[in-house]
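Structure below; questions to follow.
As written, the chains take the letters A, B and C, and residue 1 is the first residue of each chain.
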Amino acid sequence: MKEKVKILDQEGVSRAITRIAHEIIEKNKGSAGLCLIGIRNRGVYIARRIAACIKQIEKTDVLTGALDITLYRDDLTLATGQPLVRKTEIDFNINDKALVLVDDVLYTGRTIRAALDALTDFGRPKSIQLAVLVDRGHRELPIRADFVGKNIPTSRKESVEVRLKESDGEDEILIVEKE
Amino acid sequence: MLWTRKDLLGLEYLSAEEIGLILDTAESFKEVSSREIKKVPALRGKTAVNLFYEPSTRTRISFEVAAKRLSADVINIAAEASSVRKGETLIDTGKNIQALKADIIVVRHNCSGAANMLARSLDVSVVNAGDGWHEHPTQALLDIFTLKEKLGKIKGLNVAIVGDIAHSRVARSNVWGLTKLGAKVTLCAPEMLLPPGIEMTGAGTSSDLEEVLKNADAVNVLRMQFERDENTAFPEQLDYFKKFGITEERLARAKDNIVVMHPGPINRGIEMSSGVADGKNSVILEQVTNGIAVRMAVLFLVSQARDASRSSDA
Amino acid sequence: MSILVKNGRVVDPSAKIDAILDILIKEDKIVRLGEKIAAASDIVIDAAGKIVIPGIVDMHVHLREPGREDKETVASATAAAAKGGVTTVLAMPNTIPAMDSVENLELLKKAIQKDARINVQLCGTITKGRLGLELSDVAALKKAGACAISDDGSSVDNAELMLEALKRAGVSGVLTICHCEDKVLSGKGVVNLGFTSTRLGLRGISNASEYERVRRDIELAARAGSPVHIAHVSCRESVEIIAQAKRSGIKVTSETAPHYFSLIENEVLGYDTNMKMNPPLRSREDLLAIRRGLQDGTIDVIASDHAPHTENEKDIEFERAEFGVVGLETELAAAVTELIGEKVLDWPELVRKICLNPARILGIERGGLAVGDYADLAVISEKDSWTAAKESLISKSKNSAFLGRSLKGLVDYTVCGGKIIYQR
């Protein structure tokens, strides 16, 4: 049996996202020139929620896009199960934007590395910042997040499950003991 | 759904789900070609060899562009320029290419079954870019992709394929792909150009173009090659156009939004009038664009499957 | 030199024998046949639980010598034959040069004298160079030892010429064997015409290309009043035409090959060139008609149509690969598996098809196990199964349609002319 521990419930997730939105506005001194790019799949939903929060606070729409990093992964050739290639949707120019990359969990940093490579192919933003809902440690690359919803110290034997209404029917974050 | 085949030889061998996966993957790849930097590193360090025993500019270029947009290195071998002339067998040529540590061979050959034969003998991925009269799977996939993009679905569509069905690999691949995905296919040609037993695929046949066009949601017009087979009876060229040419007048009596496709290159005035080729129903140039996305998807999937099976072997 | 074959189930329909018996061989003849023979002998073969049949007479074999010794030789083919329980073959004349003259037959006879491990019967061509233009001298060929003529690989298109050939062969007492194919109809075809050829994108060969020519050749034979033998029958219409001709008293006999009662056109779907032969593998209905024809006697003979080709000629694009498959080493097992195993024929009936009938049709003293007969026989383990593999074939060429297939029936001993020429 997998042991599951709930770290954040629906309200906790919501508060974390709201806090990230505030911090992004604060650090970027408003929302002008800002854009959010979510990494497929859950990063995209989180990015949209952050954008909604920013709109409430600032009354402005923030450009939001979706990035699929499958084609940039460095572990493509490992037999880790075949990744499905999904669509990247960035229908605006990222040049000179303050770009915030959004993902659900920051772990080894390899996904972010791939995302940075991918973004290079789309243009040259003024800056790239990273927002994640959970930072669980164990980095394998020199990468850090600018905005973190919750730091969750974990062991490598555990995995972090982020469940969102859009994809999983409810909002919660669990730590799962791997068998 | 997992893609587990190291080769793509024909649509006859694929399930509806596998065809669906290629189409879905192609949709994701289509975006890459709309970028300013039209390149992703998915096949970086891989080598794709286009081994073409028949002259073909557009298919070869489409595969080349697809491979390059995936960052693969591409080598083109035209049969005339290789040792084929000196009597080297297809398998020997394939083994030599494999010894160069190539990863994918894209093969076009005038003999049916050439790709099957290479795939059986080699460890590299083999993608069939057209073999004899047998199959041209990527052409059918791009036709189906375009159709789906235009009409939103494949299931339940009435698709007519008009022309020399008997000698057409494009027709065969389309028949397999479309019928597997639930389209109703009608093959329209003079009796002598319908191959025996074709209705066992589930496709219907007819020699009455007017009737077929009435119900068609789409028509795929094959290129007529009157010079191809000296042993087969062929209709007279003008007579053919009169009875089977796709003209504005004929199209006027078809559904208003009928999709007109052609695998190219077009013989204007033989299988289709210029007005139709350049008209509002024609998606011929979109087919070319979509061909790149479909071929990127195919190259990516077969390469992945080969890597996966190799690393699990090790 | 004497051999005693003990306790085998001896099957010889010519003598109406099917019983557990002993066979005593002295020199090259069978000298005694009976229960529990107590005579002393140099060699005793324990055949308990095994089947003893006359040595197989395979009337359709391409030895390839002279001319294509890279594919097969008299030595390699007859060794393969021995392994398959075959003790007599009819050597097809499409060698290089073709067996269209006494001089060329002498070439082959020399090779046979030197290398053959079994009996090799000679077959001349119908026309010079097998070109269908000018008749070979059948009387001279007969004198030089030919018991049959055939342009195998081709049919004589000119009906007048064919009629004349049949007449002359009849007068000389030589059997005419017909490869029935109208090349205008079969054209560049390589597989059965129909959904199979459509799926594969290959040119098809219709049943008509065979049976139209079967019909013609039988008609010509009837007019000539000479016997005719139809080679490698593959389709249902041919079976029907032959059956009708037999009913109306025409002197026609026919043969089929193991692949036509074992395999159907679906085998070609992977472009396996070892499934490419002429005539091609046909449909299920055709296969069933062939089996019925064997049952009801329309088809008299099973012959291998052993057609060796090198790897270079087979491991290439399907439409460019040579037609034909080897069969000497698998024909008995194919028959045991598909015909005995599926109750199409029983053992006495099978022995008729592979021993007795071909010997009678060729007019040679073989195919029986009676006292006084030549001591040609095979001892067979009926139930032993094995898988045909390239490595296990001793024929020079490995182009077998049965590779990878599980077969029943293995030859334990082959005795030819009173000598053990093969032992498992």
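Heads up, the rule we're going with is that a contact is a pair of C-beta atoms (placed from the backbone, for glycine too) under 8 Å apart; a residue touches a chain by one contact, two chains touch by 3 or more.
All figures in this text were calculated on a predicted structure; none of them were measured in a lab.
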**OP:** By CA centroids, point me to the most central chain in this structure.
**Re:** B
Original post:
Considering B-C alongside A-B, which chain pair is linked by more C-beta pairs in contact?
Top reply: B-C
Subject >> Rounded Å distance between subunit A and subunit C, as computed from the means of their C-alpha atoms >> reply: 75
Original post:
Taking each chain's centre as the mean of its CA atoms, how far is subunit A from subunit B in angstrom?
Top reply: 39
**OP:** Determine the centre-to-centre distance between subunit B and subunit C, using the mean Cα coordinates as centres, and give it in whole Å.
**Re:** 45
Subject >> Complex contacts: residues of subunit B adjacent to subunit C >> reply: 12, 89-91, 109, 111-114, 116-117, 120, 131-135, 169, 172, 195-198, 200, 231
Subject >> Residue numbers on subunit A that touch subunit B, as the complex places them >> reply: 68, 70-72, 76-79, 82, 84-89, 117-118, 121-123
Original post:
In the complex formed with subunit B, which residues of subunit C make contact?
Top reply: 187-188, 193-204, 270-271, 312, 315-320
Subject >> Residues of subunit B defined as touching subunit A within the complex >> reply: 2-3, 24-25, 27-29, 31-32, 35-37, 39-42, 70, 297, 300, 304-305, 307-308, 311-312
